[in-house]
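Chain nomenclature is as follows: A, B, C, D, E and F, assigned in order of appearance, with residue numbering initiated at 1 for each chain independently.
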Amino acid sequence: MIAYASAFAFAAVSAATLLTLWRLVVGPGAVDRILALDTLAINAIAVIVLAGIVWTTPLYFEAAMLFAMVGFLTTVAFCKYLMRGNVME
Amino acid sequence: MVNHWIIVPVVLPALTAVLLLFLPRESVVSRRVVSVASVLALAGISVALWGMAQQGPQAYAVGDWPAPFGIVVVLDRLSALMLLAASAIALAAVLYAIIGWDRRGAHFHTLFHFQLLGINGAFLTGDIFNLFVFFEVLLIASYGLVLHGGGAWRLKSGFQYAAVNLIASTIFLFAVGLLYGITGTLNMADLAVRVAALPAQDHALLRVGALLLFVVFAVKCALVPFHWWLPSAYSAGAAPATALFAVLTKVGAYAIIRMHTLVFAGDAAGISGTLQDLLVPAAAVTLVAGAIGVLGSRSMLQLASYSTVASMGTLLLAAAGLGAEQISAALYYLLHSCLIGAALFLLVDLVAAGRGRVADRLLPEAPVPQALMLGGLFFLCGMAMVGMPPLSGFVGKVAILDGLRGTDDAVLAWAVILGTGVLLLVGFVRAGSTVFWKAGSAVSRSDTARPAARRAGLVVAALVAGTAVLSALGGAVLEATDATAAELLDRELYIRAVAPAASSPES
Amino acid sequence: MEMLVASAIGILTGAGVYLVLRRRTLTVVVGLTLLSYGVNLFLFAMGRLTIDRPPVLTDGGAPYSDPLPQALVLTAIVISFGMTALVVVLALRGFLDTGTDDSAIREADMVRGFGPRHLGTEARKD
Amino acid sequence: MYVPLVVLIPTLGAVLPALAGRQGRAGCAAVAATASLAALTVLLSVAPAVMRGEPVGFHVPWIPQIGLALSFFVDGLGLFFAALILIMGVLVIVYGRYYLAPSDPPGRFFASLLLFQGAMLGIVLSDNIILMLVFWELTSLSSFLLIGYWNHLAESRQGARMALAITGGGGLALFAGVLLLGGIAGTYELSEIIGRADAVQSSPLFGPALALILLGAFTKSAQFPFHFWLPHAMAAPTPVSAYLHSATMVKAGIFLLARLWPVFGETEAWFLTVAPIGLATMLVGAWIAIFKDDLKAVLAYSTVSHLGLITMLLGFGTKMAAVAAVLHILNHALFKAALFMSAGIVDHETGTRSMARLGGLRRAMPVTAALAVTAAAAMAGVPLLNGFVSKEMMLESASHAVYAGQAWLVPLLATLGALFSVAYSARLAGMVFFGEERHPVDAHPHDPPAGMWLPVAVLVVPAIVLGLWPALAQPLVEVVAAAVVGGDLPEFQLALWHGLTPALGMSVAALLGGVAILVVYSPIDRIRIALPRPEAKAIFDASVRGGAAASQALVRTLQNEDLTRYALVIMLATVALGVFGFLTGPHGAGTRAMLEPSLPAVVGWGVLAVACGIAVVRHRDRLLLLLVTAVAGLVVSLTFLHFSAPDLALTQISVEVVTTILLLLALNLLPKTTPRETGAPLRMAHAGLAGASGLGAGLLAFAVLTRDYVPISDYHLAQARPGGGGTNVVNVILVDFRGYDTFGEIIVLGIAALVIFALLELSAKARRAAGWAARAPSYRTGSAHPIMLVVTTRLLLPLVLTAGVYIFLRGHNLPGGGFIAGIVVGIAFIMQYVASGYAWADERFHFDPQRMIAAGVLLAGLTGVGSWAFGHPFLTSTHGHVHIPLIGDVELASVLLFDLGVFLVVVGTVLLALATIAAVESIGDRRPADDRPAAGERRPIPARPVRIEEEERV
Amino acid sequence: MTAALFPHPLLSATIAVVWILLANEPTPGAIVLAMIVGVAVPKFTSVYWPDRPRVRNPRMIAEYLLVVLWDIVVSNVQVARLVLFRRPEDLQSCFVVVPIELESPEAVTVLAGTITMTPGTLTVDHDPVRRTLLVHCLHAPDPDEVVASIIARYESRLRSIFR
Amino acid sequence: MSPGEMNPLAELAVSALLVAGGTFLLIGSYALVKLPDTLQRLHGPTKSTTLGVGSVLIASMLYFLFAEGTTSIHELLITLFLFLTAPVAANLVAKAHMRNRAPKSNPTDQLPG
C-alpha cells in the first residue's frame, strides 16, 4: 500500500514541479518567479523525504534540512534585493 | 626512513604565508624578514633536493597511503630542477619586492608564498588531480598578485586572465575526469601503466583526454593561439609578481614534458605522434608571433611579455621532439628564459619607475635616470633574449639547434629560430636606443641618486650574472639537463619508484 | 538514465559556454558557474551512476557507489566557489573603476595601461 | 700556452678604463694602450715560432655538448691579423687621446675600444669556430656601442642601429653556417675542418653552409649589396672609423674568407659567387667615392671598394691571387688608416669635412698635407708606393680570370675599378690640399700636436718603404699566404718591376683614365645625378619602420584585449581537438548495463533544461539569469542526491546559496540589464559552438557511463574504516586519503577571501567609494529590516549553529564534515547580515575572518606536520577509541583537527567575502537618497561603516 | 551565575532538544553533548538576541499552539477548495488592516506568522507607527469578520502570553 | 523497503499521510498556476505546500518508527523549520510585490525580452 501511496506522492510532486516550472517560465514578474523558486525548493524537500522513505535510509535527512534552510535564505535574499537593492543593508 | 625534505617545498611556503597573516599589518620589517628568510631557506632546500634527486626518482606517500590510492609526491631530477629555478627566481623577486613594491597592497608576501607553494606543489606532485589543485592554488594567488597595486587596467586584464584560466581549469577537469573514467586511476605512474594496457576500444577517448590536457597546458604556457592573456596580464602584474610569473608559464611546459614522457610515452594510442604534429607548428607560430610582438611593441612591458612568448615558442619547438637531446636543450633554455625573463620584467619596472607618466612606453620623452646602469643592463638582457653570445641565450640556442639537427622538422625549426633572431634583435635595438639614447640621456649624466633604484638594479644585475654563469658553466648545466632528460625517457625508473603495486589494473 | 545525465551535462556545458561568450563580465561569471556545474556533474558521472548506494559504510551495505569522483567533485565545487567569488568581486571592481562592465579592454585603457606606476589613479568615465 | 692571454688581456682589460674614467682622457688612454701593448708583447713572444711555420695552439673544453671549446691557435694568418689589430689599436688609442673632447666620457670610449679589440683578436685567433662566432657577435655589439658613442646625435644612433642590424643579422646566418659546417665536418676545430675539406665539399649540405657563411662574411665586410651600412657607421668618432671601419672589423669578413679558403677556395661555387660580388663591390664603392663631398664618406666608400677588391682576389681561388690579397690587406691597412687619421686632423683643425669648403691646406698644415697626399697616392696605386705593388698583382690575377666564358670581362672591370680609385684619390688630395686656400673663416688650421700626426707618420713611412722595396714584405707574406691556402705556395717574388706585363698596361690605363675622369668630372656628375640612385639607407630605414608598424598593427588587431574572442578561440580549439582526437582513434561502444529513467529524474531534467534555456535566451535580464542559475544549482544538487552522493548534494546546495547572495550583492551595483551587443549571425555562431561543446561533453559522458572500468576506489571503500577510522568514505578520502588535495583546496579558498578583501579594502580606501555608492539603485521602499525576518532569524541562528556543530561532528561517519558545516555556520551568520543589516551584524561578530582563515590553514598544516614527529609522512592520520564517562566509547580521529581547519577556513572565507562587499555597499547606504554625490566628488570614508538608522530597528 | 550560564534558559532547552532530534537517538552520550551544546550555543549567540521577551502563562501557550495547529489544517482544506473549485474571478480578495496592541517584536512576529499560516490570510506589512498589520485575504466576503476573528483568536491570547 | 511486517493501521496512516501530502503539494502548485494575482498565488504555496511537506515528513517519521523500528524523530526539526520560515518568506515576497507595484522603480519587470 505504501508503495502505491509513495508512487502517487512522487507523481503528485512531479506534477506540482511542472506546474511551478510553468510559473517560473511565464512569470510575469520577478516576484512570481521568486515564488516559483521557493516552491520548487519545497517540492525538492518533499522528493527527498519521499526518497528517504522509499529507500528506507536516513542518509538524506540533512539534505532535506539544508534545502529548507537554503530555500528560505534564497527567497529572502531575492526579495530583499527587489525591495532594497542591497541584500545586506 | 621517509625523506620528509621532499614535501618541505610545499609545507614551508604554506606555513610562512600563514605566519605572515598573523603578523600585524604595520610591522613591514618583520614581514620582510620572515618572507626573505623563508625564500632563502627554500632555495637552500631546493639545492639539497637536487642533490638527493641524483639517486634517481623517490616517492613520498602523503598521508602514508600507498600509491596509487593516496597522493604521492615525487622527487626526480626534473622536479628538482624546476624547484631550483623557481626558488632562484623567487629569491630575486622577493628581494626586489622588499624595496617597496610590497607596500602597495594588502598581503603581498602572503600571496607570494602561496603562489610559490602552488608552483612547487605542481612540480612535485605525482597525481593528476592534485596537479589540478595546485594549478588552481598558483593561479588564484597569481590573480591576487596581478591585482596587487590596483588600478583600472589591472582589474580588467585581471578579469580576463582569471576568466581565461577558469575556462582552462574547466577543460582540465573534463580531461582528468575522462582519464579516470576509462583508466580508473589518478596516480600518474599508475596511469602510465594502465594507459599502456588500455584496450584499443578506449583509445579514442584516451586521445580526447590527452588532447584536452594539451589545450590546458598550452593555455598555461601561452602557446599561440592561447597566448592572448599573457601580454596584458603580465603588463598589469606587479613587477616582482611578473618576475615570478616567468616560472608560471614554465609550469605548463613542465606539465607537457611530464605527461608525455611518463603517461602518454611510448606512443600510447599514437598520442606522442599527434603531440609532435600539433606542437611543432604551434611552437613555431608562437615564436614568430612573439618576435613580431617584440618588434611591434609600444612599451617595454609589451616587449618583455612578447619576448617571454617567443622564448616559450623556442622552448617548445625544442621539446616537441621529446628526444633526449631535445629535452635536455629545452630544459637548459628553460632555465635561461626563467632568469632572463625575470630580469627583464624587473628591469622594465625599474626604468618605468624613473620616467614618471611616460613610464615604460617606447617614447623618447622622459630621460632615464641612471641611464648608464639601466641601459647597460637592458643591453645585456637584450643580448641574452636575442641569443647573442656569450650569455646563456646563445648556448641555449646552439644546444637547441644541435638537438634538432637531423629531425624531420630541423629545417623549419632552424629557419624560424634564426629568422626570428633578426626580428628580436631589431626590436630590442629599437626599444633600447629609443629609451636609453634618444630620450636625452644627457639629463641622466647629472644623476639624481636613487639608492633604492640602485639596490633594485643589483637584483637585476644578479639575475643577468646568473645567465652569464649559466653559460660559463654551460658544460656542467648541460650535463645536468642531459641526465634529467635521460631519466625522463626511462619512465620505468619513475614508475618503480612510485608504485610497485601499480603494475596492473587488478592491483 | 545515463542518457538523461549525459544530456544534462551537455545542456549545462552548452549554456555555460554560450554565456561565457557574451561580452559582459557578470554574464561571463554566470556562464562560468553553469560551466562548473556541468563539469562537476561530468566528473561525478565518471564514477558511473548508482542509485541508493551512498558510500557510507553499513553492514551489508555493499556494493557502494564510487566515492573517489565524489571526493574530487567536492574539491572541485569548493575551488570553483572560491574562484567564482573572486571573479565576481573582480567584475564588480572593474565596473566601479572603469564605469563599464564590458569585459574587453579599450584602446584608451591599453595605452594608459602599460606602465605600472600610474594605473591606479585613473578611472575611465564613460 | 699564453695565446689566450692575447685575447683575454684586452677583453678583461676593458674594465680598467671604465674604472679609470675619473682620471680623464690621459689616464684612460694610458691604461688602454698598456693593455694593448701587453697583449702585443705576448703575441710577439710566439711570433718566431709561427714565422718558422710552427703554429701555436691552445685547447681547453668549455661546453663539449655543443662542441664549444676555448681553443686558440696562432698561424701566419692569425699572427698577421692579430698584430695588425694590436698595432693599429695602439696608434688609434694614442690618436684618440688627443681627438676626444674633454666633454666626451673617456671611460666608456676606451672600454668599448678594448672590448672590441679583444673580440677582434678572438675572431682571428680562435681555432674553434663556435668560439669564433662568439667573438664575431661581440665585435658587432661592441662596434654598436662605439658607433653610438655620441648617442645624442641622431645619425650616430641610426648608424649604430643599422650596423648592428646588418652585421648582427649576418652573424645569425654565419651562426647557421658554422653549425652546418661543424655538423658536416664532425668537428668545430678549424685546424681539423681544413683537413676534411674533401668531405665537406662532397656533402649535400655544402651549398647551404657556404651560402650562409658567405652571407655572414659579406655583411661584416660591407660587400655589395650590404655595403650601405659602412658609410653611415662613419658617424662614429674618427678614431673608431679608422680602427673598425678600415683596419680591422670590416676585415673580419675578409679574414673569414681567407680562413676558410682551404675548405671552399678551390670550388666552382666559391669562384662563381665570391669573385663577382667582390668585383661589383669594388666598382660600386669606387664609383660612389668619386662623387662624395664628405672626406670621411669618400674614405668610407673607398674602403668598401678596396674590401671588394680583396674579396675578389680571394674569390679567384688561385694561390697567387691569395698572395695578392694578403699583400693588399697589409697595404690597405697602412694607407687607409693614415688617411682616416689625416681626415680627422683636418676635421679637428678646420671644423669641417666638406671638401667643397676646403682647399690649399698644404700651406697651413704642411706635415699633415705631406702625409695625407702620400697615403692618397698609395691608395691610387702610384708607383714607388706600396699600393702600386699589390694593385699590380691584383690586375695580374684578374687578367687570367675567365668568368662566364668571357676572358675580357673581369680584366676590363678590374681595370675600371682601379681607374675609379685613381680618380677619387686624386680628387681628394687635390681638393683638400691644393688650389687656393679655403676653409671656414673662424678656423685657424695648423699642424696638430705630434701626438696626432705621429701615428699617421708611423703608418705612412712603411707604406713608402714597402713601395720601394716590396721584397721586405716577402717573408711575412709567404707565411701568411701559406696559412691562407693551407699548403705550399708557388714560387713568387715581390718586386717593383715585373717587366712589360698586361698588368702594367692596365695600371697605366687606370692612372691615365683616372685623371681623365677628373677632367670631365662635372658632365659625368650631371649624368650621375640624372640617373636614379637607390638610397640604401632610406630603403633600410623604411623597411625597419614598415616592419615595426606592420607588426604593431598586427599585434593591435590580434591582441585586441577582447575576452570574448579569447574564449572563442580556446573553445573552438578544444572542440576541434576533441573531435580530431576522437575520430583518429579506435572506439568501441561500452557494454555496461544502463539504469531505468525514473519520473522524478525526467522532471528534474526538464526543469534543468528549461532553466538553462531561459538562461541562454533571456540572459540580458540579469536578475532572471541569477534566478534560473539558482534553479539549475538546485537540480544539480538533487542529481547528486539521486545518484548516491549526499555529501555532494549538501555541498552543492549550500555553496549555491552563498554564490547567489554574492551575485545579488554585486548585481546591486552593476547594471541590471545587458544591452544587446552581438548581431544575430555572431550569436548564431556562438550558439553553434556552445551546442558543439555541449554535445561533445554529453557524448563523452555517455561513452564513459556505458562502459566498465576498474577503479582504485575499491581500496578506499575497504580501508576507510580500518585505515581511516570513518564510515563516510567520501569524507575519509577528503580528510585522509586525499587530504593533500583538501589542504590545497582550503588554501585556494583562503587566498580567494584574502584577494577579495584586498580588492575591496583598496576600494574602501579609494575616494571613489562614495562615487560608487551613487551607482546603487535609488529606490528605497518598505523597511530594510522587516520585523518578522529579524525576529525569526534571531531564533534560527542558534538552531542552525547547532545543526552546524552536529554536521561537523558526524561528518567522518555520515554525510557532512568540516566543509559543509562551515558553510552552514556561515549561512547562519549571513542570515543575520541579511535580516538585520551589515552594520548591526558586523558589530556583533567578534572574530577576525582573516585570522580564522589563517588559523584554519595553520591547524590543517600543523596536523599534517605533526605526523613527522612520529616519523610518518605529512598528513598521516591516527585514530582510536576513547572512553569518556557517560558519553561512552567515542572514536576520535586526528583528521578531526584537520577537518576543523577546513571548517574555520570555510567560515572565514564565506563571511569575509560577503561581509566585505556588504561593507562597501553600506558605505553607499549611509547617504540619504537626495544628496548623492556626483561620481568623482570626494567624501571621506570612515574605517568602519556606521550603523543604519531604521524605523523598524528592534 | 545561572543568568550568566543560561542567558536564555528556554532557548537552551530548545537547543538541547534539537540536538537530540538531530542525533536521532536519546543515548546518554547524546544527552550530555546536548546539554553542553545547549549551554554553549545560546551563550555564544546571545549578543544577536538582545532584550528577549518575558514569556509566561504556559497553559495559554499550549492552548494557542493547539488552536493554530487546528486552524492550519482547516485553512488548508478551505484554500484547497477555493483553489480547486472556485473560478478566479469569483474570488473576493482584499486587504484588511488589523490594529494590534502587542508590544514586543517577538509577539508581533508570532501573530503575523500565525495569520499567514491560517485561513486565507497573509500578512503583507507591519506599520510600527500606527501599530497595524496589513493583511491580504484570499477570499473574504466580510473583511471586518476577518479582523475580528484574528484579534479574538490570536491577538488576545498572545497578549496574555507576552505580558 | 519492507512494509510487509508493518502494522496495517500504521501502514494506512502512513499511506494516507503520503497521499494527503502529495495532494496538498499539487494543490499549492496548482494555485500558483491558476490564480491571476500574485498575492492570491502567494496563498497557495505558503499554506498547502507547507502542510504537504509537513504530512510527508510525519509519514516518514511514522514509517521509520513502525517499519524500521528506529525512532526517526528528526523530521520534526524540518517541520519546525518550515513552519518558522514559510510565513516569513511569504511576508517578504508580499512586501517585494507591493514594492514592485510601483512600476517606475522596478528593475526587472519592464525589461524587453
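We adopt the following convention: contacts are C-beta pairs under 8 Å (C-beta built on N, C-alpha and C of every residue); 3 or more make two chains touch, one makes a residue touch a chain.
Keep in mind that what you see is a predicted model, and the values were worked out from it rather than measured.
Student: Provide the labels of all chains in contact with chain A and in contact with chain B.
Tutor: Output, common partners of chain A and chain B: C, D.
Student: Tell me, which chains sit next to both chain C and chain E?
Tutor: Common neighbours, chain C/chain E: D.
Student: Could you grab the centroid distance between chain C and chain D? Build each centroid from C-alpha atoms only and quote it in angstrom.
Tutor: Taking the mean C-alpha position of each chain, the two centres sit 36 Å apart.
Student: Where the centres are mean C-alpha positions, what is the separation of chain A from chain C, in Å?
Tutor: Using C-alpha averages as centres, the distance is 24 Å.
Student: CA centre of chain E versus CA centre of chain F: separation in Å?
Tutor: 17
Student: How many angstrom lie between the CA centroids of chain C and chain F, rounded to a whole number?
Tutor: Computed value for the inter-centroid distance: 32 Å.
Student: At least two other chains touched by the same residue of chain A: list those residues.
Tutor: Touching at least two other chains: 10-11, 13, 17, 30, 34, 55, 58-59, 65, 69, 76, 78, 80, 82-83.
Student: Two or more other chains touching the same residue: where does that happen in chain E?
Tutor: 18, 22, 24, 112-113, 123, 125
Student: Two-or-more-chain contact residues of chain B, please, as numbers and ranges.
Tutor: As it turns out, chain B has residues touching two or more other chains at 129, 133, 136, 140, 143, 147, 150, 156-157, 159-160, 163, 167, 174, 178, 180-181, 186, 232, 298, 302.
Student: Please list, in label order, each pair of chains that touches.
Tutor: Applying the touch criterion to every chain pair yields A-C, A-D, A-F, B-C, B-D, C-D, D-E, D-F, E-F.
Student: In their complex, what parts of chain C are in touch with chain D?
Tutor: Touch list, chain C to chain D: 1-24, 26-30, 33-34, 37-42, 44-58, 62, 64-68, 70-75, 77-79, 81-86, 88-93, 95-97, 99, 101, 103-106, 109-110, 123, 125.
Student: Give every residue of chain E touching chain D within the complex, in rising order.
Tutor: Against chain D, chain E makes touches at 11, 14-15, 18-19, 22-23, 27-29, 32-33, 37, 41-42, 44-45, 47-49, 105-106, 108-109, 112-113, 123, 125-126, 128-129.
Student: What residues on chain E touch chain F, complex-wise?
Tutor: So the residues of chain E touching chain F come out as 18, 21-22, 24-25, 72-73, 75-76, 79-80, 83-84, 88-89, 91, 93, 112-117, 120, 122-125, 136, 138.
Student: For a test of understanding, state which residues of chain F touch chain E in their complex under the given definition.
Tutor: For chain F paired with chain E, touching residues are 23-24, 27, 30-31, 34-37, 39-40, 42-44, 46-48, 50-51, 70-74, 76-77, 83-84, 86-88, 90-91, 94-95, 98.
Student: Would you tell me which residues of chain D are touching chain C in their complex?
Tutor: Of all residues in chain D, those touching chain C are 560-564, 567-568, 571, 592, 594-598, 601-602, 605, 608-609, 612-613, 615-616, 619, 622, 625-626, 629, 632-633, 635-636, 639-640, 642-648, 651-652, 655, 658-659, 662-663, 666-667, 669-671, 674, 677-678, 686-687, 689-691, 693-702, 704-706, 709, 711-713, 716-717, 720-721, 727-730, 733-734, 737-738, 741-742, 745-746, 748-749, 751-753, 755-756, 759-760, 763, 768, 772, 775, 813-815, 819, 906, 909, 913, 916-917, 935-936.
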